[in-house]
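Shared between the two complexes below is subunit A, which pairs with subunit B and subunit C, respectively.
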Partner chain A sequence: MSASAHNPRWLGVYALLVFALLYLPILVLIVYSFNGGGVGGFPPHNFTFSWYRMLLADGAMWESVLNSLMVALAAMAISLLLGIPAALALDRASFPGKAAFRRLVLLPLILPGIITGLSLLMLFVDMGMRLSLLTITLGHGTALISVATTDIFAGLQKLDRAQEEASLDLGANYWQTFWRVTLPNLRLPIIGAALLIFTLSMDEIAVSFFLIGRDNTLPLEIWSRLRRGMTPEINAISTVIFAFSLVAIVLWYRLRARAEGQPELGAELVETAAAGS
Partner chain B sequence: MTSPTTQPAAKPQSLLSIREVVKTFGKLAVLRGISLHVDEGEFLTILGESGSGKTTLLRLIAGFERADSGEIWMGGERLDLLPPYRRRVNTVFQSYALFPHLSVRDNVAYGLRMQKKIAAADIDKRVEDALAMVKMSALAASKPAKISGGQQQRVALARALVNRPRLLLLDEPLSALDANLRRQMQLELKSLQREVGISFVFVTHDQEEAMVMSDRIALLRNGSLEQVATPREIYSRPATSYTALFIGHTNLLRGHVERGLAHCGGFQFRTSVPDGPAVFSVRPEHIRLATTTVSSSSDSVRFRARIVAHSFHGATDLLQVECADGLKLAVRVPSHGALSEQHDFEFSAADAFAVRDSEERS
Partner chain C sequence: MFSRAYKTAVTVPPLLWVTVFLLVPYALLFCYSFWTVSPAQTIVHHWNLGNYRELLQVHVYFQTLLRSTWIAARVMLFALLLGYPLAYYVSFQAGARKNLLYQLVIIPLWVSYLVRAYAWKTILGSDGVLNTLLQYAHLTRHPVEFLLYSPFAVVLTLTHIYTPFAFLPIYASLEHIPRNLVEASHDLGASPIQTFWRVILPLSIPGVLAGATFAFVLSLGDFLAPLLLGGPSGIMISNIVVSLFGAAYNWPLGAAISLCMLLLVVSLLFLSERLEKKWSFS
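Now for the complex of A and B:
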């Protein structure tokens, strides 16, 4: 296709540059995780898996990964269990201060992590709780309720209320209707919120920093090691995390594409045939 | 089976009885004291413009709304005190409201599975029968998003009827279909209703649809019932000028009656209406081209008018004519070639039907 006023070639070049700006640092990180010469030196040379071998044998690192996974899963459960009823209340109930609640629920996400972390620290200290993975979990769980609430509220707003009425009409009571119609229709927003909460918790550093006890989460482990100097082992663990994120994103998109799939071609033909018979 | 035009020997049993139902949303009065009954096996249409309250009335029967006052009874039981899931009433929604996460088969089985006393084998059998009834057996495993609008409509119908409700509510179920499919579905729905013998309450804004399908039409206007009658009666004996205008086309002649003689603009004719102001409805098809030079009968009203518009509608032509005093009338005549600009027309005084004047809408 020739370049025209409506299809300027420079815009494509520009887009490529932006894309490079976004992904070049990650590419560099990945390349140097296989670099025999360590993090320094250009061009990279001596392709090696030795940093990955070192990573595999690194007990402290894996412990922090396990800690992070536990924190993220627990935070996910807390924020969903509290966020789903909150979203339902926002969508259906009328109560005093509803408008304010709707705006304020997002605040923990907008506030700098330092403020959230500091305030949670003061709360836990006042309550006499020892700082541990539990305090981090509670911190993540409460801060991320906002994500669960807003995502699921958006899903509820898109839900066709006639479906719930149809369920009641067909003899299902309110509770059965919630389990059989409302919740299955919220599957995508709930999975989406869960994935987002999981990733946000996995790489959260500011709030965790204030609430950390003896056990490190993965980001804090990496951060503390960086203070002792950069090693390609960190590149290696970062590459592993990146690969996992990539897989999660691809899965999410496929799930969504399947759920929002187009009507099958040929449905109209069958309809015409049925009308003719 | 008795045809709807003949009088049944015994008075049909009343199934649903709506008594003095009032419903307001905030300050807006949506239903202003509706009393209406539906007979066993009857096809009743609630006809009205958007905002007339027809959907609200349906939702009250289904149980999705609560009336401010009044009662709804079904078979000796206060229906309006029951939650929607305890009413032996099922609904076909305007949007169909099929469950997108369930297959066509599971959609239809939903209601039966909610009843604890039905064996799984009976459920399967009844679901298959219901799908066959609406010719959807072939697509039983499909998800609703993968079938067309007309097919979704059939599934919604099967999903409601499979529960064998005493009353089926239909909220403009045909409005999303294109004209041809819609006409076909009107006839199918009507014959299906005769077949299953369940009372239907059908909501529509389309008067033609109401005429084709209903045993009786309840015309709703601004939250009040304007008239409840059979299609034939509501057409030939409209109670009000609003009814006459809404059901089919008509010409309204306003004037007054003096000693048995109506004076409406340039027209004068005998009438049995008592003296005073009066409104008469004259259907366009009741006005004919005068062929003889003198009135064909003593009660015919004859006038000369100018044809201002002439449109072809297949079997008939629709004329817009203007009388000497400026009054414009619609005239429907059998298809006709070109007509001269001025023509003589006539109608029988008996076809000028006196109607109650509906107060002008604000």
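Now for the complex of A and C:
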């Protein structure tokens, strides 16, 4: 007898309602990006592409997209370059303060972004650095080391140590073993972490809010416009971002389908962070 | 199997980086909270407890902290009320659609936080989608004003944002429950409701604790949703910090509030970790 024999129908209905709540705002957003009558007003009327045309001609918006892309790519590089050795260190080395180090790395993920943002602001100001895209990049890169470390550490736990041992026994040095054995085996967690870091950085606002100089990132550009008033152009750019996120998700699942049994993107991260370990 | 040089090479760079860009900044936050601002608007490195005294004496800080806690508590409660049954359904009853449904919960996590908060604003506004829908359906004649710029709007939006965060650890803990335990309970004559209360729920407590902590902590420190949707009655503690770091220019006082928040959050994490250990069966 299986548990699914007891199948109260109301639970299915309830689950459906929760899904509706999760998706309703996104749906509304997309529908009204084509609405000639503006961001509100029911029923939507006058189907139009004019908000997308407006978006296309909006130089400041695209400049902020470009800024965000640069920040996200650089932050991705920083957090991978430090997250990979950090994961290796947590997996294989023992050093004083290891437990504290592990917690400290995860902290930006669990703390409200405002605390990390403010603390970094104090650091940069005291160091005499001018706030710019560089300070935002350093902030994102540092905060997201947590993502890289968690994903890659999980990958290392599943790695067959014997392969590396064989490589070393057969005369390869550590560097060769790392490039030819360790790294290829970690391909999937690294790509997964990279995708997640990229997306999180593109969307990050709480830390960027305090580290912003003259040039806006995309979320901050949207934010500054929201403060002036709402236009369906924001619906349009949001829809475009959503479409790109969907592409990223589909790409990830395609990749993952080739290697079953890998952790779900992001899920493992949330679980690990929640466990606070 | 790994040499000393290897271990040093992988340990030192991340350790240094994290020290400079995380440990030092958090330590600076601590230091600033004991400093002051001079009348000439410069920060004086003169150690004293003035900021903390002000926090205790000026009621608005404590009231706002209380309101933020209350908002975060409601978000946590609703996120659990939405997330738990959903996780239960996906884990136990979704059958072949399990993977698809799981992914459908994850996808909204990929949609920008700001975009989702903005979406709620377009729905709840006085000429927003909901109000015009109500008028269109002749359910009200005038727009319902309390929807936007209220704690209600903040709670709704944050619940929407953090429900998937509550769902994930709960789902993981439900998935880890050996199915033969559930079957044994049925075979021994327990009703489905008894099985739920006596077997499934106790075994999923670690997930519930983790999800609850997430929803509470992340919404406690939020300042964007209140700015966007909260109005004067929806102001939260982080909004005060933002204004102290902006126009009000009192970094030390802002640092003191942030440090209190940090301590609150870290002790909650500690507590929930202890409880999770106590409740985990493995």
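We take it that the second predicted complex is superposed on the first by the 252 of 277 C-alpha atoms of A that agree within 3 Å, B and C clash if a C-alpha of one lies under 4 Å from a C-alpha of the other, contacts with A are read in each partner's own complex, and residues count from 1 in each chain.
Note that contacts are C-beta pairs under 8 Å (C-beta built on N, C-alpha and C of every residue); 3 or more make two chains touch, one makes a residue touch a chain.
Predicted model, so just to flag it, every value in this text is computed and none were measured.
Student: With both complexes overlaid on chain A, does A:A99 touch subunit B (first), subunit C (second), both or neither?
Tutor: After superposing on A, A:A99 lies clear of both subunit B and subunit C.
Student: After superposing on the shared chain, does subunit C or subunit B touch more subunit A residues?
Tutor: Result: the larger residue contact count on subunit A belongs to C.
Student: After the superposition on A, what does A:Q176 contact: first (subunit B), second (subunit C), both or neither?
Tutor: Once the two structures are laid over each other on A, A:Q176 reaches subunit B alone.
Student: So in the superposed three-chain picture, is A:E165 touching just subunit B, just subunit C, both, or none of them (first/second/both/neither)?
Tutor: A:E165 sits against subunit B and subunit C alike.
Student: Kindly classify A:P108 by the partners it touches after superposition: subunit B alone (first), subunit C alone (second), both, or neither?
Tutor: Second partner only, subunit C.
Student: If you stack the two complexes on chain A, which partner ends up touching A:L118: first (subunit B), second (subunit C), both, or neither?
Tutor: After superposition on chain A, A:L118 lies in contact with subunit C alone.
Student: Answer with first, second, both or neither: which of subunit B and subunit C does A:N185 touch in the superposed model?
Tutor: first
Student: State which residues of subunit A lie in both footprints, the one left by subunit B and the one left by subunit C.
Tutor: 165, 168, 264, 267, 270-271, 274-275, 277
Student: Which of the residues in subunit A end up touching subunit C in this complex?
Tutor: It comes out as residues 1-8, 11-12, 14-15, 18-19, 21-26, 28-29, 32, 39-43, 82-83, 85-86, 88-89, 92-93, 95, 101, 104-105, 107-108, 110-116, 118-123, 126, 138, 142, 145, 149, 161, 164-165, 168, 174, 199, 202-203, 205-206, 209-210, 219, 222-223, 226, 230, 234-235, 238, 241-242, 245-246, 248-249, 253, 264-267, 270-271, 273-277.
Student: Quick one: which bits of subunit A touch subunit B in the complex? Just the residue numbers, please.
Tutor: Residues in contact with subunit B: 160, 162-163, 165-173, 176, 180-181, 184-185, 187, 261, 263-264, 267-268, 270-271, 274-275, 277.
Student: For a test of understanding, state which residues of subunit B touch subunit A in their complex under the given definition.
Tutor: 62-64, 83-85, 89-91, 93-95, 97-101, 110-111, 114-115, 135, 138-139, 142, 145-148, 150-151, 159-160, 163, 181, 184
Student: Could you pull out which subunit C residues touch subunit A in their complex?
Tutor: Residue positions touching the partner: 1-3, 5-7, 9-11, 13-15, 17-18, 21-26, 28-29, 32, 82-83, 85-86, 88-90, 92-93, 95, 101-116, 118-123, 125, 127-129, 131-133, 135-136, 160, 163-165, 168-169, 172, 179, 182-183, 186-187, 192, 195, 210-211, 213-214, 217-218, 220-224, 228, 238, 241-242, 245, 251, 254-255, 258, 261-262, 265, 269-270, 272-273, 276.
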